[in-house]
Amino acid sequence: MSDIRDTAVSPADLAAAEPAPKATPGRRERASWLWLLNARLVLGLIIIAIFLLGSFVLPLFAPHDPAQQATYMKNLKISPAHWLGTNGLGQDTLWYLIFAVRNSLILGIFVGIGISAISTAIGLSAGFIGGAYERIVMLIVDSFITIPLLPILIILGALIRGNNNFFTIGLIIVIFGWAWNARTIRSMVLSLREREFINMARFSGAGTLAILVREIFPYVSAYLVVGFINTILFAINTEATLAVIGLSKVDVPTLGSIIFWALNYNALFTGNTTWLVAPIVATILLFLGLFLTSTGFNAAFASRRGVA
Amino acid sequence: MAVILKTEGLNKVYRLGSFTRSREIKALNDINIHVESDKPVIVSVVGESGSGKTTLAKTLLRLVEPSSGRATIYDQVVAGAGATAHGRTFLAAVQPIFQNPFEAFSRYRPVDAYLHETATRVAGLDRSQANDAVAEALAAVGLDAVDVRGKYTNQFSGGELQRVSIARALIPKPNLIIADEPVSMIDASRRMIIINLFRKLKEEAGRSFLYITHDLATAYYISDFVAVMSKGTLVEFGPAKEVMSNPQHSYTRLLLDSIPTTRTRWRPRAAKAA
Amino acid sequence: MGVLQYVAKRVGLYLAVLFIGLTITFFLPRLLPTNPIDAYISQLQSRANGQLTAEAIIQLRTNLEELYGLKGNLFSQYLGYLNRVIFHLDFGPSFTYYPTPVSSMILTALPWTLGLLLIATLIAWVLGNLVGVVAGYFHTKRAATVLEVVGILLYPIPYYILAVSVILLLAYVIPIFPLSPTFPVGPLTPALVGSIVYNSTLPALTLVLAGFGWNILSMKALAVATTEEPYVTFARLKGTSNWTRMVRYVFRNAMLPQVTALALSLGTVFNGALLTEILFSYPGVGLLMRTAASSGDYDVLYGAITLSIVAVATAGLVIDLIYPLLDPRIRHR
Amino acid sequence: MIRLNSVVASYRTARGSINAVDGVTIEIPDGCILGVAGESGCGKSTLMKLIYGDVTSPMALASGSIEYGFGDAKGRPITSDNIRDQWFNRISYIPQSSMNSLNPVVKVGKQFVDFPGSDPDKKRVLAEVREYIGKLGLPVETLDAYPHQLSGGMRQRVMIAMATFFQPELILADEPTTALDVVVQKDILLLLMDLQEQMGNTILLVSHDMGVHYQVTTRMLIMYAAKAVEYGDSESVFAAPLHPYTRMLISSLPTIGDDRARDGIPGRPPSLWQELSGCRFADRCPLATARCRAEEPALIEHKPGHWAACHYAGEMTQRAEAA
């Protein structure tokens, strides 16, 4: 969640002794593309690309709706027909997993957009306006961070179990999940507000909005990308957590509901370990890919911003 | 004789600590400066760190609200009760030059963007007039518009970037340019390029400067008036040559004696065997 | 003077968090369409397989409303709720295990949860930060990157995956721990304590692994930044040993923000603990909440949530109050 | 006598390696205060690190050697390989950023004795320290205080106390008073001069302020773009500088009571990445000729005890004496 940055160390003598060359037009364009490439980011993006492509393209070729039960024999071993065998409900494990990843990603992206929008608006305004407004907002933010989210989700899950659907689950996560990002963005804006170029912009005639968009946003945008990916991670994780304890809409295949059914139909006792191992491996890989991309972006933005 | 700068009973008090036991720090303590002249002048404000010289600059730039008192530049009340100059009129009256040129520009925007914005937004020029004004201002500081267009801060040296910052301040032809420690981040050997530029702009472009510094030698070199501040109070004010050659206040004398000059040694040297 | 101001500010936040927490748990269920009373009545009807007459239902509704403080307008209910909860810790009786009061059920479950949570979090914090400071201090050396990779691999794995993987590995593939742990109740004899520890090793391990990765990564970043501070460079130039510099100069300074981070992360860690309890059927507040939720015993649910908010906020306050003891800059203004 | 024999310090980076100190050969007599001056990036800080033995990658002593001229406790000669064992014993260091060169969460006294060189009996050492800092104008309670409770001047006095308590042969001070106000700076500089006089050891002082050098140093070394361009007795370097760069460095500083026009040195030092030939100051030097751009001038003793690396250094003295 935090801003993990690798600081590049350059000896004082060396940096000062190497004044920037006078006019090399190519340097800025090439440099601006070059900073993107670092090992973590590339690896992360590859993993995510595989998951995105796999989960959004393959479902078009799905023979049956995987959520539909008893389409196949139960607990079949891995075979050319069923690459991961079938589960205790007579569904094809692989196809169920592919749909699960897709639905989780859809939810993740939807919640990611929602939370990023809210947290940026609140973080930017609280950080920039300051004063009493900031104190009240930060009180609410700190409370939302301190209050454990899961119990509240359990209440909501229990109360609206009847007619909850994917959309409401996503909405709930958005309502309770924006605090962390808002807090980080606010502290970034707080430090930016004191920077000299903000005064320079003000004395160049820029209004508050122009300062927010042109001066502050470029510095914050680096974190927004990282924050967005972290939020996807958070959303999938929260929905899955609810599903595993049966409080989310478990008949929709997600990375949580797959495990919910596996546990409830005690995959371990029936020896169908692939039913449990497959989602574990898939979730770990997906989350690792998301995390590598987020820290990769972080390292890339840090190196581009120079050591500061 | 126009009133270039006048502060009347200017105070700034910071309250530290919680409501129970709060300490008061008097950053500005009843500052009264009066500078009248019919031609542009350079006024220096000298003092050690914590003397309040930067707070004074920030108050005149309205970056800090004074606790009481007023400040007037030419005929406009710029800070304190009854401030008349607002918005663009204030920006046209007062322009700043900041200490660290690398911090004065955003890393993500080309440096000349600030010049064009100042020309169009503050000086109110249209597109073509703005380009001329920018080119003219850059020429005044010895830079060519081509060298600056579309460049970012990491493509300049400290001295060059500070000159761009000065050019930007010149565009709206302000009554007073307030430079807060403009050369302290620049190599000692190249400071005089900027200091001489201030003097040239005073004489040729007719701009007045408020020069905030802890370096008394550069203050002596270019300023017409000097104000000496210590712990928030104005201890001495007057024509620069006079104040510096025979200071009246003991603190000014202490400051002058402490400067490591290359003229007289603090400790006479035992005759060195060659 | 500094400490007083620091404590006052922190206690203020603590009270605000409690207030907001109680308000949320009060208003949330009331804003939603379903009314718990109808749910109760329908449950009673199913139990009495339909013999309840109309008046009995009306009578039932009034005393249920009375029992659960749903009388009068919203605001008077709210005041009544606050008064009951804060001063008497009374959440009304449990519906399924009538008449045992909710508070007694929770107070028996809470120590289990706090015990597991605090011990596991402490271990994860200490181990994670020690590994992190070594990884950060020697970040230029190849070996240190191995430690960081451990952090990178562990951190993104969510609690439920860790829990299930731990069950899979240590209870199924290598069955040294019970697949479904049982927690005996009764006087704390050494044998009993031994079996409790044995059974709660897996949930504790899950929580330690979950916190461990995060602490490594955050401490490594802090240690890398702190190693470049002038006082660490000067310590090196004084000829101090690597060990002294790493412990007394880098760790002593880099750990301070980690203490605040720990206090802030308690909310999320608590979520993890609840989930782990449910998956391991560990007799803590989490399990209590889960069974209350599935059996529709709303008052146990609200009570458990309110107390968990109080517990987490209090733990956070305690950790934040330790901070001034570690940072002389706050102690001596 | 500390001798540097054509010392070269190089930095290895992704773009290849460059020499931040490119062949310096000087002899530093014992018991003097040597001032090292030059613009930022000239290599003065790297030279200090080299002499102190703080050589860590990416920096390395590419070639040349340093002889310290004093032995360790057992009398064995010290060279750049074993100098590190003598840190804060026979050689010590005063850092620049005194603002936070002390560990903010540990008491000052404890930081006085936490390096191995000191005597294991910490209590006895602390008692001696308590008495020693009194002489440096520090109240005794300083040892029990935390760094943030001390003023900038007091913190720098603590650094000087640490660096001088073990009576080292050589003290390296890298811009020790840059972060201080001018009044406090004078006290600290006078303190340094007094201590040097009492101990009779050698101090190497790096500063960008020629005024500080004039007041404090007895010998001067001027660096430019990784080369030593002038070296000699402070008196004669300030009275009649042989190298045009030194003259411009001194004349670029305004002085109170002197209204002569002053102008900074135009242009910038050359980038050490390019292939450099001839005199590195040629582009900015008013006296530069074709010979300057072609042939690199060696550091020659134009006057007794006064070296300069400039083809026309000799004429500078005649022209100076004629003017």
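Think of it as A, B, C and D in the order they're written, each chain with its own count starting at 1.
The rule is simple: contacts are C-beta pairs under 8 Å (C-beta built on N, C-alpha and C of every residue); 3 or more make two chains touch, one makes a residue touch a chain.
Predicted, not measured: the structure shown is a model, and the values here were computed from it.
Engineer: By Cα centroids, which chain is closest to the centre of the whole protein?
Structural biologist: Answer by centroid distance: A.
Engineer: So using the touch definition from the top, which pair is joined by more C-beta contacts, B-D or A-C?
Structural biologist: A-C
Engineer: Let me check something: if the centre of a chain is the mean of its CA atoms, which chain is farthest from chain B?
Structural biologist: Comparing chain centres, C lies farthest from chain B.
Engineer: I'd like the Å distance between the centres of chain B and chain D, where a centre is the mean of that chain's Cα atoms.
Structural biologist: So the centroids are 32 Å from each other.
Engineer: Approximately how many whole Å separate the CA-defined centres of chain A and chain C?
Structural biologist: Once rounded, the distance between the two centres reads 23 Å.
Engineer: Approximately how many whole Å separate the CA-defined centres of chain B and chain C?
Structural biologist: Centre separation, chain B to chain C: 55 Å.
Engineer: Can you list every residue of chain A that touches 2 or more other chains, as numbers and ranges?
Structural biologist: In chain A, the residues touching two or more other chains are 19.
Engineer: Which chain D residues reach two or more other chains?
Structural biologist: Residues 40, 268.
Engineer: Send over the residues of chain C in touch with two or more other chains.
Structural biologist: none
Engineer: What residues on chain B touch chain A, complex-wise?
Structural biologist: 61, 63, 88, 91, 95-96, 98-100, 103-109, 114, 117-118, 120-122, 147, 152, 154-157, 165, 168-169
Engineer: Going by the contact rule at the top, pick out the chain C residues touching chain D in the complex.
Structural biologist: Within the complex, chain C contacts chain D at residues 229-231, 233-241, 244, 248-249, 252-253, 256, 326-329, 332.
Engineer: Enumerate the contact residues on chain A facing chain C in the complex.
Structural biologist: 2, 4-7, 9, 139-140, 142-143, 145-152, 154-160, 162, 233, 237, 240-241, 244-247, 256, 259, 263, 268, 273, 276-277, 280, 283-284, 287-288, 290-292, 295
Engineer: Considering the complex alone, what residue numbers of chain A touch chain B?
Structural biologist: Result: residues 19-20, 22-23, 27-28, 195-197, 199-201, 203-206, 214-215, 218-219, 305-306 of chain A touch chain B.
Engineer: Would you tell me which residues of chain B are touching chain D in their complex?
Structural biologist: Checking each residue of chain B against chain D gives 48-49, 157, 187-196, 214, 216-218, 220-221, 244-245, 254-263, 265-267, 269, 272, 274.
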